[in-house]
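Okay, so chain A shows up in both of these, paired with chain B first and chain C after.
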Partner chain A sequence: MLKKKIAPYLYIIPGLLILLIFVYYPIFRNIEYSFLKWDLFSGTKKFVKFTNYLSLFRSDEFGVAFKNNILYIIISFIFQVGISVIFASILENMKYKKLSTLFRTTFFLPSLISLTIIGLLFTFIYKTDGLLNSILEVMHLGDFTKGWLGDEKTAIFSIIAVSQWKSTGYTMMLFIVAIQKIPTEINEAAKIDGATRLKTFLHITIPLIKDMIKISTIITISGGLLVFNEIFIMTNGGPYGSSEVLSTIMYKNAFVHGNIGYASAIANVILLLSFVFSALQFITKESDN
Partner chain B sequence: MKSRYNKSIRYLNYNGMKEITDNLGSMVAKLIIVLFFMIIAGPLIWMVVSSFKSSNEIFSNIWGLPGQWLFTNYVEAWNTGISKYFINSVFVTVCTIILTLIICSLYAYSITIFDFKGKKCFFILALCGMMFSPIVSMIPLYQEVQVLGLYNRRIALILIYSAYQMSLSFLLIQSFFKSIDKAYLDAAKIDGCNNLITLIYIFIPMSKPIFVTSAVLTGFYSWNEFSFALIFVKDSALKTIPSGLLAFQGEMHAEWGVLLAGLVISAVPIIMFFVFAQKYFIAGISAGGVKG
Partner chain C sequence: MKKILKGFSVIVTIMLVMGLLGACGKKTDTSQTSDTSESNTDTKDVASEPIEIEMFTRFADGASKDFFDKVAADYTSKNPNVKVVVTSADNENYKQEINVRLASNDAPDIYFAWSAVYAKNFVDGGRALDLTSYINDDKEWSDKIMTSQFGPYTFNNNIYGIPIIMDGKTFYYNKDIFNELGLEVPENWDEFMTVLDTLSKTDYIPISLGNIDDWATGHYITTLNQRVVPADVLQKDYNLDGDFSDAAYVEALEYLNQLVPYFTPEFNSVSYDTGINDFITGKAAIYYEQFNQVQYIEPAEFEWSWFDFPDIEGAKGDQNALTGAPQGFMVSAETKYPEECVAFLKYLTTPEVAGQMVKDTMMISTVDGAINETTANENLIKIADTIKQASSINVWLDNSTDSEVVSIYLSGIQAMVGGSKTPQEVMADVQKMVQTVKNSK
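After this line comes the complex of A and B, so read on.
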């Protein structure tokens, strides 16, 4: 009888332990850390209440990083939701199915490849004597050539561009899956009624894939908020901190300066912001089911 | 669906210009698609072609085909370090997939077939893991990994990847288990199977497609994961491809051709993997709403 009672728990224990240790427990530790002044290298710890948060919000690096995250989110939204939905619809409307499959697969490819590979590839492409500048020269736009990642004004935009290069095809694939679920009769009926392609797109396709648009919006926003890899690999926040985002200043403060408490405060700010969007995603998914 | 369509159709009206604007529009659309195709494919093709060039030629002859195809770049990249990163990546990915599937199927099975105290709570706990991004917990996890003696060991990556992939796999597997007819369970019981046997011989084989989907998504994540691999594994001999490539870049100095060859070698497996598992992968991403 006892065996019967504990059996259900035995099954969930391995997964539960892993979840609690690596997903839930760290969240609480983070909150605790953020109230400490804690030097990683000397090991001194002191309770300082909200000092870390206050000095974070007053700092210049936070302003720059937050602005860059917002830029990331806005541009990603335009490409990965706006443009990608248009592309998905064009590809689905193409007469030559083989060609549209080729396009679709090619657009999707970059999202499969690790960001390290893509980041290193684009540091080549953005070099002063790299591919991008040589294309500009061929197009007689030689005046615009520069070391794209080495310039304070262009560094963050160059990285954001790579991100769009990588991810636009991903959300496009999600939209294609959604569009394929629309019954063909609906589109055919619209055609018979004399609807233009544009009107069919606006008044039939978009309303019918609304849920997928919602989901993509949320993953795009939280992606822009949590971005780390491409920045770390391509510029590491430079030049002069111009391409820092929240996660890179968190990383630097923790693992380079050893300022654990302050870095944890940054982590909690990211957590709070991302939590809002993940909760939204979660709610949307639940309501779909 | 019907009423929504009727509502939509009211907006649509015919006008004489329709044919012309429609054609013009689709011309422009096609042009943009072709341009975008060039932007996406260009860098990839350039990477593959340049990986056969010498360092000098990559910059002096940026557009053309290599004067001499240096297959030695690939040999050198493989021997200089890519091979060990490759093996580590395979090891970490395979272990993560196995661990994730085991813990998720046990967890999901328990939630599906048993009634017990706190069931709902455990269900929500498993699902909500999805809301937390691993990058936010980087600092406490770093401390934890040190304390548990997992620092600089591949098992740290395996455990953490499984933890963060668990919620999604759990969601997929549990919703599939839920749909399995309970009559199988009773039949198995009559035949004298205990619960674990029923899971292994009835539930899991019946859910094969969803297990493949979960495996593909988990594998994709662990193959490409960068930030934990960077921070938790310091020893170059234990690094996986994403973090190893950075070390590799440092070792290569100005051997650009070899570095590019290394990038190509690292990109190929995941692309091949996708070609074979495309169906499952796309089913997974559109069900899960996740992003790599």
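After this line comes the complex of A and C, so read on.
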């Protein structure tokens, strides 16, 4: 009897320990570090209260990076939640099932390729004499050609576009699975009652896959907050800092300038933002119930 | 019963956590004590089994990696009691990896270091061994290394690094294009502008430039600052004793702006590789590049040569200094085997080994006599002479001053040549950052 009751706790312990040591412990140490002026080269640490946070909020780079993260989140939400639900629904309603399998695979494939490779691939596409500009030339849209990643107005949007290309297929797959779980009787009943396709989509499909929409929203928002690889590979925050996000300025401050304390402060801001966004998720869930 | 169980699980959890943390703490303790005991025995008697010294380099691929691996193996076979282990990380990653290793007290015994402020950071942090006495005690060895190259490793009159390769930035030009258009090598700025004007009327790109990483235009400003800004002002400002308020800085930026129409179109989106490729495929006539990259110019199928950055007449700076800092190795202040480390660096800078480096890698050795007819081609010998004749060495802007000032300066320059900032705005941002950095120190 006793054994049976202890057993579950014993099973939890290893996972819990790993979590404590590699996740929670660093988080708390990081909060401590963010109040220090810590020089990487000499290893000297000095307690400076909120100086790191104050200089972060006053800096120009924080404003740009924060704006870019928000842009990332909004655009990703539109594509990876909004448009991919529509795609999923269309593919599930196609007359020719084989064709829908083909499309599904085509959309899903990019999410299987490593981000590093995608980043390099798209630097070639976006080059001044790259694929995108060549296509524009062929279509007699030569006026629109430019160095996409080297222009401060287009750099961040070019990178966000790559992310959408990569991830929309992934969330679409999640929605397809959810849609397939909807009992066919419900759809048939709606059909008999004379519901149009649009009405079925709005009043049956969407409410029944609401949980999946929530999960995708969480994935998309946290992805937009933590984005790093694409930017690091394609522009490294350039040109002149116009495509920096919070994680790239954190990285640069920590490992290029050697300001560990300041970088820790940025990390905590990212952590706090993640908390706020996930809290919003929970609040909406509560109100639904 | 439930409460007991709950209490039990909590206790087990806590015990396990404490145990793990305790184990972590203990491990560092033992390693520290074993360190001291080891170093004690080392100072008392020569270790019977081979000692291991680690050399961390930025030469992660190609001929240069092969060379350092080979030298380490050769050295070990000649000195069986010392085993040299070479580890490496490529250029960009090197800067971060060495920082992390130093911060986690896992310093390699010998490590690569760019000169000037880059090296100074290690010295100020107490991470680099003072090599002055070793250099003074063995004049026979150290006199063979070009004296001027020790300069950027000297801080407070002490030398902290052994320069291995030297460098310089120059305008490579396509002789075929110059002959075709009847152009002469420009001696001063006005002549340079005339040459560029002529080139811009043809299909050739006058100057090839890939500036997606902002240091490429930063190198132009390195040279322009030194030509235009009085040397003492420049020195004071780079040391952060000044405030970059001299009007000459703006002037230097304006000179760079004059070149903008002649660079590769959309150069802020063009990668470094494209910049070099446009030159060696004959699309561009002129290319500003380091001497140490000459192995990438070599494949060009046309006749090429190089000319110095043109003099700016009437400007207040030094017209003869050469832009280009040496690169070399430093010894960790925490190493257990300083003698052995220096001995290996001496081996690396003997004329024979340095000559082999020139032969294998085409890097320009700082060692006298390493570059000769048997190790290098005609071009490389001429390059070595050019560097020897320079009045002084002008360190890259990237390494010349505090990294945050550099960062804002370089991206400001990139914004200016891209047309979104004026020279005055760039300098205003730099001055603001200098103030911020000074305040935080």
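Note that the second predicted complex is superposed on the first by the 255 of 289 C-alpha atoms of A that agree within 3 Å, B and C clash if a C-alpha of one lies under 4 Å from a C-alpha of the other, contacts with A are read in each partner's own complex, and residues count from 1 in each chain.
Everything below uses one rule, namely that contacts are C-beta pairs under 8 Å (C-beta built on N, C-alpha and C of every residue); 3 or more make two chains touch, one makes a residue touch a chain.
On a predicted model such as this, the values are computed, not experimentally measured, just so you know.
*Asks:* On the A-aligned overlay, A:L149 touches which partner chain: chain B = first, chain C = second, or both, or neither?
*Replies:* So A:L149 only meets chain C here.
*Asks:* Who does A:I78 touch here: chain B (first), chain C (second), both, or neither?
*Replies:* neither
*Asks:* Just to be sure I read the superposition right, which of the two partners does A:I70 touch: chain B = first, chain C = second, or both, or neither?
*Replies:* neither
*Asks:* For A:Y240, decide between first (touching chain B), second (touching chain C), both and neither.
*Replies:* Only chain C; A:Y240 stays clear of chain B.
*Asks:* Touch check for A:L131: first (chain B), second (chain C), both, or neither?
*Replies:* A:L131 contacts chain B only, not chain C.
*Asks:* Taking the superposition on A as described, I'd like to know which of chain B and chain C A:A279 touches: first, second, both or neither.
*Replies:* Touch partner of A:A279: chain B, not chain C.
*Asks:* Could you look at A:I260 and tell me whether it touches chain B, chain C, both or neither (first, second, both, neither)?
*Replies:* Both: A:I260 reaches chain B and chain C.
*Asks:* Which partner, chain B or chain C, is in contact with more residues of chain A?
*Replies:* B
*Asks:* Could you say whether A:L115 touches chain B, chain C, both of them, or neither, answering first, second, both or neither?
*Replies:* After superposing on A, A:L115 lies in contact with chain B but is clear of chain C.
*Asks:* Looking at A:I21, would you say it contacts chain B, chain C, both, or neither? Reply first, second, both or neither.
*Replies:* both
*Asks:* Overlap the chain B and chain C contact sets on chain A and report the shared residues.
*Replies:* Comparing the two interfaces on chain A, one with chain B and one with chain C, the shared residues are 5, 9, 16, 21, 255, 260.
*Asks:* Can you tell me which positions in chain A touch chain B when the two form their complex?
*Replies:* Residue list for chain A touching chain B: 5, 7-9, 11-12, 14-16, 18-19, 21-27, 29-30, 33, 87, 90-91, 93-94, 103, 106-107, 109-117, 120-122, 124-125, 129-131, 134, 165, 167, 169-170, 173-174, 177-178, 183, 186, 189-190, 193-200, 202-204, 207-208, 212, 215-216, 218-219, 222-223, 226, 228-229, 232-233, 247, 250-251, 254-255, 260, 263-264, 267-268, 270-271, 274-275, 278-279, 281-282, 285, 289.
*Asks:* Residues of chain B touching chain A in their complex?
*Replies:* That would be residues 1, 4-5, 8-9, 11-14, 18, 21-22, 25-26, 29-30, 32-33, 36-37, 39-44, 46-47, 50, 58-59, 62-63, 102-104, 106-107, 109-111, 114-116, 119, 122, 125-133, 135-144, 159-160, 162-164, 166, 170, 175, 195, 220, 223-224, 226-227, 230-231, 241-243, 245-246, 249, 256, 259-260, 263, 266-267, 270-271, 274, 282, 285-286, 289-292 of chain B.
*Asks:* Show which residues of chain A lie in contact with chain C when the two form their complex.
*Replies:* Touch list, chain A to chain C: 2, 5-6, 9-10, 13, 16-17, 20-21, 37, 39-43, 55, 123, 126-128, 146-152, 235-236, 238-241, 252, 255-258, 260.
*Asks:* Please give the residue numbers of chain C that touch chain A in the complex, ascending.
*Replies:* Residues of chain C touching chain A: 1-2, 5, 8-9, 12-13, 16-17, 20, 95-96, 99-100, 102-103, 105, 121-122, 124-127, 211-214, 265-271, 274, 403-404, 407, 411-412, 414-415, 418, 420-421, 436, 440.
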